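Questions regarding the structure given below will be posed in turn.
Labels run A, B, C and D following the written order; every chain starts at residue 1.
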Amino acid sequence: MQTVDWVQWLAFGILTLLTIGSALAVVIDRNIFHSALWLLVSLFGVAGLFVMLSAPFLAAVQVLVYMGAIVILIIFAIMLTRRLMGLTEALNTQWWVGGITAIVTFLVIAFVLFQAGQGANPILVREPIAALNGRGVEELGKALVDPAQYALPFELASVLLTAALIGSIVIAREDQ
Amino acid sequence: MQQVNEWLFIGIFFAISWALPAAPILIGGVLGPKRANRLKRETYECGIETVGDAWVQFKVQYYLYAIVFLIFDVEAVFLFPWAAAYNQLGLYAFFEMLIFVGLLGVALLYAWRKGALEWT
Amino acid sequence: MIEALVNLGWNPHIATFVALLLGVVACASFGLIWFTVIGLWLVRKVAARVQDRMGPNRVGPFGLFQVFADLGKMITKEDITPQGADKPIFNIAPLLAIAAVVLIWAVMPFAKTLIGADLSVGALYFISVASLGTLGVLLAGWSSNNKYALIGALRAVAALVSYEVPMVISILVPVLLAGTMSMNGIVEAQHIFYIFAVPLSAFVFFTSNLGETGRAPFDVIEAESELVAGYNIEYTGIKFGMFQAAEFVHSFTSCALMAVLFVGGWRGPGAELPGLAGALFGFIYFFSKSMVIYMLLLWIGNTVPRLRIDQMMAFNWKFLVPLQLVNLLAVAFVAKILQPNYEAVRATAESGSTLGNIYRVFGPEFIADLPRAIALLIVNVIILGGVGLMIRNSIRKERASVEANRAARPPYLGRRTPVEQPAVGD
Amino acid sequence: MVPLTAFLIVAALLFCIGLYGALARRNAVSILMSVELMLNAVNLNLVAFWRFNTPAQDVGSGLPIGMSGQVFAVFVFVVAAAEAAVGLALIIAMYRSRQTVIAESADTLKF
C-alpha cells in the first residue's frame, strides 16, 4: 500500500508550519515561559519530520529527550531564575544586526541549494532505505558498538555525560 | 511502505486523542453556569486570603533531580538500540556496555555522595 | 478490511483512510471510556470493601453507572478560571494530560492481529508519549497562579521524572531478551513469560509505574494533607475530571503494559489461531492478565501508607536505579552466554525420537528458552539475596544511629528550634 | 515523495531563526533555547542527507546500509543534553551570584 504523494506533502506542510511557525514564536514571544512552550511545539514538528525521513527511532528520542527532559530542565531553570523576568526588554541593542545576519545566512543557503538542485547531479531517493524497513534500530545498535565504526565515540559519549552531570551538579549546587 | 501507513495511524490517533478530551470540556463550557464573581475567581488557599503572588522562589534541588534524570534519559537512548541488536552482537558488546554503564554509575555515585539526591 | 472495502468498489486510498480512522476511534474510545467506567468503578468498590463500606450501589446494576452520574455532574458544573491564570495554557494542560495517556493505546497489542500500529520502536514510543504527561502536570501548576499548585506541580514533576528512570531501564530487559522493540515482537518472543525469568525487573517496572502514575504508596502528587490537592487545585468541573480520568486511565494502562512486557500479553492456549477466534482468545488473555495486575495495584494502593517525598526520592535513586542497572547488566551477561538455539531444538522435535516427542508436547520454543530462563532466575535470586543483606545492614546502621541520637539528647531539650518572631511595627 | 531540497530549506529556515534568537535575545535562557533550535536544524540536515544520499554500502565497514547520519544525530542529542544541563546550571549560578539572567551583564572579563 503506497502512501499517496499528496498525503506526504500535506503532512510535510503541516509539520513545516508547526516547526517554523513555533520556532518564530520562540524567538519573538516576550514571555519566556510561552517561549519554552513554543519550543516544545517546534521540537514536536521536527520529530514528525524525522518520521517522514524514515528515522522513527530518532523521532521517539526527540520526544523523550528533548520534549520530555530538556524542556522540563529549561522550565525548571526559568522558574528558578524568574524573579526578574518580564521587567526588561526582550531584545538587546544589536537585534537588527542579528536579524540581518540571519536573513543573509538564509539567502546564501537557499541560493546554494537551488544551485545544487539545478546541477547535473539530481539528488535521488535512496532505495536501500526501503530494505531497512523496521530494522533501523537494530542497524543503529550494531553501528554504535561495532569497534570498526562508532565504538569509541560511543564510550566517549558516556564520558561526556558523566562530565556534564558532575559539572552541572558542582555549578548549580548552593555552597554550604 | 507499511511503516508509513502505521505512522499515519499515529497521526490520526494524535488528532483524536486531543479531540476526545476537548469534546467534554467544550460541552461542559456550554452546559455549566457562568456566574463568576471576583470572590469566586480568587486564588484558592483554603479560605485564607492570599499573601504575595504565586511566584515564590524554589530551591535548586528540583533542578538537580532534573539533571540526573536528563543524563539517565540520554543514556537510555544509547541502551535501546544496543538492547534491540544485542542478540546479533558478540560478547564485546556486553563489555562495551559495562564500561558505558559503569561510567554513568560513577556519576550516580558522585551525585549520591555530594548529596544531590537528598531531598532537604 | 481494506481489501473488503476495495472489493466493494471503493477507492483504495479512501478505504485505507476509513479503515485507519475506524481503528483509531475503536482503540481510543476503548482505552478511554471502557477503562474509565470499569476502572473507576473497581477503584471505588475495592477501596470501599477494604474500608468495610458498600461503595457505589445506586446507579445501575451494582452501581456500575456511577461514572456516568459523575460525568453528568461534572459537566454541568461551572468552569472557573482563577484570576491571574495563564488562560490558554490553563486550558491546554488537561488536554495534554489525557492525550499523553490515550496515545499509548495506539501501540497496545490486544491480540496477535489486533494492534493499532505495530511500530518498530513501540517500546520507546510509549515511554516518550507517557513522558509528555509530566508536561501536562507542569503546565497546570504553572498556569494556575497559585502557590500550592506550583509547589505541588514541581514536586510531582520531580517525582515523575525520577521514577521514569528505573522504568526505562526495566523496559530494556524485555527488549534485550526479545531482541526487538516492537510490542507484538516482545509478546511473540515470550515463550516463557518474562516475569518468571526476570522477576526483579518486573518488580522494578511495577514499582516505578506506581510512582509514575501517582498511586499509593507514592501518591505525593495529590497529597491532600500536605498540598491541599496538588497541581490541579484551581481546576473545577470537567477539567478537574480530566485530570482524574487521566490518572485512572494511566494506572490501568501501566498494568496493561506490564501484562504485555512481562506476562506475555495475548499469549495463551488458542491465541495463535487465525482469524476472529485467535483475536478473541488473545483479547481475553490480555484483558484478564491486565485485570489481575490492576487488582494487585488496587490492593497495594489501599493498604500501604504513603511515603514521604524524601523517602520516595531516596527509594528511587538509591535503591531502584542502582538495582536495575546491576540487574540489566547481569541479564545481559547471562543472555549472551546462554543464547537459545531454536533451530537445534526444533530439529530435534521434528526428528520424531522420544526426546523430540517430549519437546513437541511442551513446544520447541519453550524448551529452547528454558535454560536461559532458569539461569536468569538463579541470577535474580542471587541479586535479591545480596540486596536483602544490604538492606538489613543499612536498617541496622540506621537503627543504631537513631538510638545513639536518642541517648545523646536530654529528654525534652534540644528538640525545639527557636521560632523567629516577625518584627512588629515596621 | 518530498524531495531532499524541501527538507534542507526547512532546516535552513530553522537554523536562521535560531541564529536570530541567539543573537538578539537578552535573556540567557532564551539564547539557550535558540541554540537548541539550531541544533535541531543540524539534526534535520543530518537525517535528511542520511535518508537521501548515503551510499548503499558503508565505506568503513562494508555493511550493507550505513547508519552514519542517524549515529551523528544521536551524538548531537547527547551534546545538546550536556549543553543544556551545564548551560542552565551556569545560568542558575549566575542568577544566584548576580541576581540577573541578562547575558550581556556578565561582562566582568570583558575589557
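Operating definition for what follows: contacts are C-beta pairs under 8 Å (C-beta built on N, C-alpha and C of every residue); 3 or more make two chains touch, one makes a residue touch a chain.
A quick note: this is a predicted structure, and the numbers were derived from the prediction, not measured.
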Notebook entry, point to check: Measuring from the mean of all protein Cα atoms shown, which chain centre lies nearest?
Noted result: B
Item checked: B-D or B-C, whichever has more C-beta pairs in contact -> B-C
Margin query: Nearest whole angstrom, what separates the Cα centre of chain B from the Cα centre of chain D?
Written below: 21
Notebook entry, point to check: Taking each chain's centre as the mean of its CA atoms, how far is chain A from chain B in angstrom?
Noted result: 18
Next item on the list: With chain centres taken as the means of their Cα atoms, state the distance from chain C to chain D in Å.
Entry: 33
Check: Could you say which residues in chain C touch two or more other chains, in rising order?
Finding: 16, 119-120, 124, 150, 154, 157, 161, 164, 179-181
Checklist line | Per-residue multi-chain contacts in chain D, two or more chains | finding: 74, 77-78, 81, 84-85, 88-89, 92
Next item on the list: Among the residues of chain A, pick out those that touch two or more other chains and give their numbers.
Entry: 1, 7-8, 54, 56-57, 61, 64-65, 68-70, 72-73, 76-77, 79-80, 83, 134, 136-140, 142, 144, 157, 161, 164-165, 168-169, 172, 174
Note to self: Judged by the touch rule stated earlier, which pairs of chains are there in contact?
What the structure shows: A-B, A-C, A-D, B-C, B-D
Note to self: With touch defined as at the start, can you tell me which chain B residues reach chain D in the complex?
What the structure shows: 60, 63, 67, 70-71, 73-74, 77-78
Checklist line | Contacting residues of chain A [partner chain C, same complex] | finding: 1, 4, 7, 33-34, 37, 40, 56-57, 59-61, 63-64, 67-69, 71-72, 75-76, 79, 134-138
Notebook entry, point to check: Which positions of chain B touch chain A when the two form their complex?
Noted result: 1-5, 7-8, 11, 55, 57-60, 62-64, 66-71, 73-78, 80-86, 88-89, 92-93, 96-97, 99-100, 103-104, 106-107, 110-111, 114, 116
Notebook entry, point to check: Can you name the residues of chain A that touch chain B in the complex?
Noted result: 1-3, 7-8, 11, 48, 51, 54, 56-57, 61, 64-65, 68-70, 72-73, 76-77, 79-80, 82-83, 130, 133-134, 137-142, 144-145, 147, 151, 154-155, 157-159, 161-162, 164-166, 168-170, 172-174
Next item on the list: Give every residue of chain C touching chain B within the complex, in rising order.
Entry: 16, 20-21, 23-25, 27-29, 32, 71, 74-84, 91, 94-95, 98-99, 102-103, 106, 116-120, 123-124, 144-151, 154, 157-158, 161-162, 164-165, 168-169, 172, 175-176, 179-181, 228, 233-234, 237-239, 241-242, 245, 309-310, 313-314, 317-318, 321-322, 325, 328-329, 332-333, 335-336, 339
